[in-house]
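Heads up, the next two complexes both have chain A, just with different partners, chain B and then chain C.
After this line comes the complex of A and B, so read on.
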């Protein structure tokens, strides 16, 4: 049962992420990232990391990607701004870098024999287990993330304020 | 039989696709989306290592990565919207000045 579902969701994930990178329409990029996040969440459930899979669906597919869609629609990217974009001359260079990266990954995995023989443990990432360790051993990082989110809010507010005060004439390029 | 190597290979493939997107795309929105792919690839590795090592710390790190990604996306999209208002394009090549 598990190998079939792993390969199914891995294939969905790979094709969706290829579509994120290669599709022309920004709307399709965002929507295929939603598909990729769904497949990723299914993989996490296969790995019995239930809490993280659920948070991934709620935060990523629910909030972050809706935010992306909102920005794509808000920017009103008409066909002109998309088609006048010249093709990148360094596209082959990026493909080469990705290929080299993948091959080096595979070489590293081949030498990593222990990964092939390791057995899956019986831990289950339920909310109870994650919550227990989150509020005991990892309390300080958890509190620091709230500080990070507050700094992010300050940054966005200051950006928006600058846009309001100086963005009256928007066509000064 | 699915081993740790399968998950690591999948993570490497997704990371490579995301890296290709970051390097080759000129659209700033697409660069941000590819960054999300890079984070997702690292999340696969973390959860797989957590499962195969029997340690919950990997799943906690994924939780923190998701939080950091949310903050990063909020700031990045705010910058993209400002850039579109100012330059009326979101091509990364048009960003020639550091201060405006």
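After this line comes the complex of A and C, so read on.
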């Protein structure tokens, strides 16, 4: 695969991510995130991790972000006045922490690139390979994710249930 | 090739899962009746059975699920710890939901799920499994923290915990990905052998810092403590008790596995950093705790300072330090849960968590007052109670490792903490009561209070066997680097 596509999608990813943070309209934020995730899944495909790329596109761009869009549209957040960075009390602290994090990240990454190069062909991202690994080596974590889903169901049911009977609850708590 | 699974090693987790599923069925089948707390009774019997079963399984050891799940003495010790803690939390929950009959059953189910999460954390030998176990524990805690939907404080606590917890999870995953990039594995044994051969690189340092940030969030160490006070105050009291004991112990077992096995070879690099963090954490917790007026907030800050004391054991980096952590946590279990039992009975009777309302508690219920006094004095570290000997072990560990300044700071902190613990004790025993109505303690809670008092006193006086157990837990640790 020519590096041209890598640089193309990486550039798209960076610009879209910046737009997620910087755009003032919540609708644009969400739509930029869709573009960012599309570019990211393209990067995965270039790395021959087809399954991850596909799932990223289906789950995030397809399902999660559509939810976000619904929420943004339902709440009509356009009129919301957001706090700008200049208004925050912690902006210098935030800038300092961000700078420290980024610089140490670059330092770490520089040493990483020097130390080794990953062989792309050793990563097998096909559905067959992932399925085999999930049901053999990673059987326990895979099965345990069902417990996470169970918590999600209990949580949603019990928290949403309370909303119907708030009148009763307020007397007691 | 399908892996060979040794089911006897995962017996506790399998049994808990079976109980969980049967409780769901019971919940659906039995008629909804606000007076009969079926699930609570069922849970109690199941938990008692589990503890008896688990105490006979002390000799289990080995790995299964392609080396991901490890059963060693450390895991056995902490699983026993979690089961005992859960008995108290279930009793608190039963009391707590007597006034809020609704939505009680789901709460029990979430508690069981949190228990599975804690047990799995104790047995993880792979970062992937560890991450999923932590998430099982933490996500069920998010839901339980925000459980009182009509209480603004509870929702605020749940929201704060969720956002900061998600950030911590992000850090954790980021750290794991760096480790994976360097060592090409998520398994503890591979990473450990990598660390023994290679020196620390900026890459692995970055990974270590990120992973520590996530664990620091769980154990409430400064500077990852931001959530503690608000969450402790706003969460339903049984959840606060679980957070302060179960969740903290889960954090410390990860810490023991990280620093005493995986990264054990790099003690020279992280020892001093942990010692400094420990000093900052205990000083911050104690100084801020002095100005609290809410008992749950006070215990929140006190929990931060105890995380600082416990970090001393990790900073020491010796077997004595690790066994000191285990012993201290064992004492902290009985001490803190005794305090929370008193708080829950008191808040149900008076609808208040303010320290000012505790005035004259000794005249309203001598058992509650006596338990609270013992718990506070043990938290402060007075002999002959268990808190004293725990602190003594940890101090000895850091002095032997050469951190005399840290021991001195800890000594000053113990004096500071005496001030605010004894202020509460003074309110309870010296100040005149605002109300004179007696507080009735239910018989089950009375029994647990007595057990907690016995735990505080007996472990404090006859430390020998318990210290041996704490030491044995460390010595039989999987991939130990001591």
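Note that the second predicted complex is superposed on the first by the 139 of 173 C-alpha atoms of A that agree within 3 Å, B and C clash if a C-alpha of one lies under 4 Å from a C-alpha of the other, contacts with A are read in each partner's own complex, and residues count from 1 in each chain.
Here, a contact is a pair of C-beta atoms (placed from the backbone, for glycine too) under 8 Å apart; a residue touches a chain by one contact, two chains touch by 3 or more.
Note that this is a predicted model, so its numbers are computed, not measured.
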Which of chain B and chain C A:107 touches, first, second, both or neither: second
Which superposed partner A:138 touches (first chain B, second chain C, both, neither): both
Which partner, chain B or chain C, touches more chain A residues: B
Partner chain(s) touched by A:159 [first = chain B, second = chain C, both, neither]: both
Contacts of A:98 with chain B and chain C, given as first, second, both or neither: first
First (chain B), second (chain C), both or neither touched by A:147: second
Which of chain B and chain C A:37 touches, first, second, both or neither: first
On chain A, the residue positions that both chain B and chain C contact, one per complex: 105, 109, 112, 115, 118, 138, 141, 145, 148, 151-152, 155, 159, 162-163, 170, 172-173
Chain C partner contacts - residues on chain A that touch it in the complex: 104-105, 107-112, 115, 118, 135-141, 144-145, 147-148, 150-152, 154-155, 157-159, 161-163, 165-166, 168-170, 172-173
Contact set on chain C toward chain A in their complex: 1-3, 5, 17, 65-66, 68-69, 99-100, 102-103, 106-107, 109-110, 113, 116-117, 120, 126, 128-129, 132-133, 135-136, 139-140, 142-143, 146-151, 154, 178, 181-182, 201-203, 205-206
Residues of chain B that touch chain A when the two form their complex: 1-10, 12-21, 23-27, 29-30, 32-34, 36-37, 40, 43-44, 47-48, 50-57, 59-60, 62-64, 66-71, 73-75, 77-82, 84-91
Of chain A, residues touching chain B in the complex: 2-3, 6, 10, 13-14, 17-18, 20-21, 26, 29-30, 33, 36-37, 40, 43-44, 47-49, 51-52, 55-56, 59-60, 63-64, 67-68, 71-72, 74-75, 77, 81, 85, 88, 90-91, 93-95, 97-99, 101-102, 105-106, 109, 112, 115-123, 125, 129-130, 133-134, 138, 141-142, 145, 148-149, 151-152, 155-156, 159-160, 162-163, 167, 170-173
